[in-house]
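Written below as structure tokens is the structure these notes are about.
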Amino acid sequence: MTRVGGLAASVAPPRTVIARVESNRPLVPGIFEAVLALPSEWGPARPGQFVQLECPPPELFGLRRPFSIAGCRAVVGGVEVRIVYGAVGMRTHGLAQALPGVALRLTGPLGRPFDAMPERRAVLLGGGRGLAPVLMLAEHLGRNAHGAAILLHGARTASQLIPIPDPPCEVRPATDDGSAGFHGTLVDLLQSMSDAGELLEGRDALYACGPNRMLAALAAWSAERDLPCQVSLETHFGCGLGMCAGCAVPVKTTAGAEVSAFERFVFLCREGPVMDAQRIDWAGVHE
Amino acid sequence: MTRVGGLAASVAPPRTVIARVESNRPLVPGIFEAVLALPSEWGPARPGQFVQLECPPPELFGLRRPFSIAGCRAVVGGVEVRIVYGAVGMRTHGLAQALPGVALRLTGPLGRPFDAMPERRAVLLGGGRGLAPVLMLAEHLGRNAHGAAILLHGARTASQLIPIPDPPCEVRPATDDGSAGFHGTLVDLLQSMSDAGELLEGRDALYACGPNRMLAALAAWSAERDLPCQVSLETHFGCGLGMCAGCAVPVKTTAGAEVSAFERFVFLCREGPVMDAQRIDWAGVHE
Amino acid sequence: MNGDAPANGADAGISRSMSGEAVPRPVLKVSLGPVSLPNPVLTASGTFGYGDEEPELTGMLGLGGIVTKTVTLEPRAGNAPPRIWETPAGMLNSIGLQNVGVDRFLTEKLPALASLGVPVIVSVGGRRAEEYVETVRRLQGAPGITAFEINVSCPNVKEGGLEFCQVPSAAAGVVEAVRKVTRLPLWAKLSPNVTSLGTVARAVAEAGADGVTVANTFVGLCIDIRTRRSRLSAGSGGLSGPAIRPLALARVRDAVRAVTIPVVGCGGITTAEDALEFLIVGARAVQIGTASFRDPRAARGVVEGIEAFLRAEGLTSVEALIGTYREEV
Amino acid sequence: MNGDAPANGADAGISRSMSGEAVPRPVLKVSLGPVSLPNPVLTASGTFGYGDEEPELTGMLGLGGIVTKTVTLEPRAGNAPPRIWETPAGMLNSIGLQNVGVDRFLTEKLPALASLGVPVIVSVGGRRAEEYVETVRRLQGAPGITAFEINVSCPNVKEGGLEFCQVPSAAAGVVEAVRKVTRLPLWAKLSPNVTSLGTVARAVAEAGADGVTVANTFVGLCIDIRTRRSRLSAGSGGLSGPAIRPLALARVRDAVRAVTIPVVGCGGITTAEDALEFLIVGARAVQIGTASFRDPRAARGVVEGIEAFLRAEGLTSVEALIGTYREEV
């Protein structure tokens, strides 16, 4: 079992800044990509980290929303951050309507990134809009030569598969309805790879982001295998900064160990969003 | 004393429609003009009537705001309504940012219009953004040859005087600081006209819109003169439709007459916004 | 009286599902004890006048009912202006029950209201139990009244009104006294400004109420920081609108737990989704107030939205949804 | 400790008016009985963690004080997720007092907090009076505690917590018991979910409280209409944010009328204008909660805005503003 951690010290300190929308466009129906311009002192961000972003309209009081960072690069005069998001409710619909130039309050980079294990080959799983952070990880692994990566990329149907114009590694698509790539879920695809000897216990490691339901299935599937599995989880955030205790995720307590009641839940915004799949008590995770 | 009334039957029925912003621009600092496109069955509106307009952002729940109609004309495929408004608080600031194309829910035309008295010369007074409805009345009087009108046009200072590109009648500006036109308030201007024999009791009638404070001063000034005076008043509206009883304005009760307590206040959205200045109990009118 | 007339005249109660089979239209009718309504969406007292003001009366056709502005024995002037102030996702009002009084209501307002073809619930207010009794006595013979809503909860009446709201026995006393003079159904409209709404609900139920409306506005205050005065001339007022919706919903749950008589939900409902939350928690009908100010057709839209939701969920009646809240343990 | 350090280091307490004369900087210092604060703006309990979480601690420098997350005798797990749901202009939470417990608080949290140079008010919770007493007993010798805030109002603790909120004698009993074991100033944080907050305020004042914080969250509920379940796993939660501001302000006025001990205002404050409303009504300090989630620097902005307002109004101190509400008669 791999304990994700010890990284807090090596990540950039979070800053609250004003982000300007550079561009904002649909990638596939209902899923958008926004590019945000930030001041140059911001970041750098690591794959798996997130931002707390104000969603328009600003007159409407409300909580900010967490979004995984899909990309972060220095540009002339500042830093460019990309997010990929689904328009699922009021705030993300509001964001989808933001025009270039709109100014939004943003805090980040926040949270624990993926902790790539150099000694293992990385098998990345991105379900739906969960593709973004794992794609960033794939690019990162490519740059850092941490070991060859393969990216499994799932969606409900072909038209929902987010295009990957310039893939940093091998990509294998899968769709629930078989309309493109492998016919089945990403876990089904893993199983078939395992059956075909393409996935090796003791040698590979899994890094995943997607719907909580998919991550739960993945956790169950990998539990009894020697395949360390890091997942980027979601829950409702109040602050994203460890201030509100809103983002509790139940974790397993070692049988017999004496732990305080406080240890039953961890704050996902601080101990996550990337966590070891086996540490999570999936029975208590909501969808 | 002139009782404004009996007009409800001759005004167009109000309709709730979607208005599209055609244009929206500042006239002077802090005062804007919006042109709204409505469906063709809407209106026609008479000078002094108002609309209840949703102010952006629509996601932000809130009361609609009342605005006097500054102009209303049939155009190809619909009706064009103009309003002139000051950006004074949250909703009007929101409106000032509305771009062409924005759709806003609107109900109107509402309320009692000015009731022009054909037998008297019309002296119109427009203070600040209160210019809009009296300017529309001036245009209306011109078209209908109700008697020559003269328009007194006041503002704090020269830069706040809303330009009148194509005046339908004689216009006399006045500024509180004397930076343009007459030096003083519109009531001071009236007094000087009266002193100069330019204003005749028994022959002239006053029609005014402006800050409640100005209207109160005007009412006091005209009270003992044979100068009928109609004013377009403001208070906080809940619905604008007679449903909420929010828009109470205190009225004088004839001494000795037995009136029910209910008669102490009238609903400005139904019995106004244009009312006989002498009917209002100004001591109870807030600013 | 049938409020759920098909939107499309040709469609006689049957529509087609996506797969082409004929599916029956969901039944929107609800009964609340002795009261039967064509659908569960009413206007809230004081937010739709006496039904004669809204110029687009078509907005009311198809509603489950209209609750009138509260009527008192004598005409009332109400409070001085300003009476309205907007707040985040809400509004504060201090109307103070301005109304024409019961006698003018009977001659000038009720006949037109009764002719609309929508159930009319007359809201009755007062300062003392005797005033409520006398008002109901004068009203109860008149044709066209489906029920009374006894407003024992107005936060804007200073002379003792708060007593009725907040003291269970006082609220119950009013209901008990009114109960003696009328056989028409009685709903008691409760104040949310209490420690235990359930206790008040039980008291009025025992006193003979046929239903409870939950709830009236929450006491609130806003200050003009420049003048150091209240935004409302009367000082504090009652908060309504979406801001209070979660609070009203919790109070409805309390009432549903406390009594077996029907509960009518009210507070911040703007959309069909909002109304459905109240029905799921156990309200048998809902009232729309402040939302009508923003959109005079809001209540009609709620009716349509409820029907669409029932269809989408494959439910044949709104009854099948009422009280289906799966409470956590 | 001086929280109103000049924004510009060179400007030693003097600035220039528009006409060029030197005008003294307004004094932001307030005293609340035995407690003296550099300015009247605090963070609200449970919304700023233990002060160690917010990565931009600079946001706290210049605050009037920090109220910690409520600490209980034993560590508490809190409620299952989801614990947060957004509502119109507000949020519902059901954290359930998850906290590390008093012993870990003393060793792991308090030292860092105390070193920030900002007054620390430790919020204390419990299920029974004895738990409060024991928690305060363990805390009260520790250095760096300016006062205790006794949380007798959490709506999210099921096991009897509601009793303290809502029964004046129960709330007073807790205060009285705690009073016996500490000489440090005690504020009682009250629940707004009561018929008469004034009565509870009087009871805790008589029991020895040095101040009251008004108020905690309002009980609310939101339903997922598809699953028919609450949006929060615990069922109902507490509503906070701008939605409740007018309600909290009315409760503060009730408390100011009822007691002579200082009142700390809390509920929906987002801007300096909001805070000023509370001060004008008579609160001697305010707390910022939910607004910090949207903008971690919100509280600091409120301090700056208050200072700017005092200047604009030509007032020399915030004391000159407190309680200046010109109430209508």
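General remarks:
Read from first to last, the chains carry the letters A, B, C and D; within each, the first residue is number 1.
By our rule, contacts are C-beta pairs under 8 Å (C-beta built on N, C-alpha and C of every residue); 3 or more make two chains touch, one makes a residue touch a chain.
On a predicted model such as this, the values are computed, not experimentally measured, just so you know.
Among the remaining chains, not one touches chain C and also chain D.
Common neighbours of chain B and chain C (chains touching each): not present.
Using mean Cα coordinates as chain centres, the one most removed from chain B is A.
Chain B and chain D have Cα centroids lying 46 Å from one another. We define each chain's centre as the mean of its Cα atoms; on that basis chain A and chain D are separated by 35 Å. Our note on geometry: chain A versus chain B, Cα centroid distance of 57 Å, whole angstroms. Residue positions 60-61 of chain A each touch two or more of the other chains. The set of chain C residues touching two or more other chains comprises 88-90, 233, 241-242. Chain contacts here close into one cycle, and each chain has exactly two touching partners.
Chains touching one another, given as pairs, are A-B, A-D, B-C, C-D. Contact residues of chain C toward chain D in the complex are 87-90, 92, 166, 193-196, 218-223, 225, 227-230, 233-236, 239, 241-247, 249-250, 253, 268, 273, 276-277, 280-281, 309, 324-328. Contact residues on chain A toward chain B in their complex (touch as defined above): 56-57, 59-60, 90, 94. Residue ranges of chain A in contact with chain D, taken from their complex: 13-16, 54, 60-64, 91, 105, 107, 235-250, 260-265, 270, 284-286. Listing the residues of chain D that touch chain A in their complex gives 46-49, 53-56, 69, 74-86, 89-91, 93, 95, 98-101, 104, 233, 241-242, 270, 292-297.
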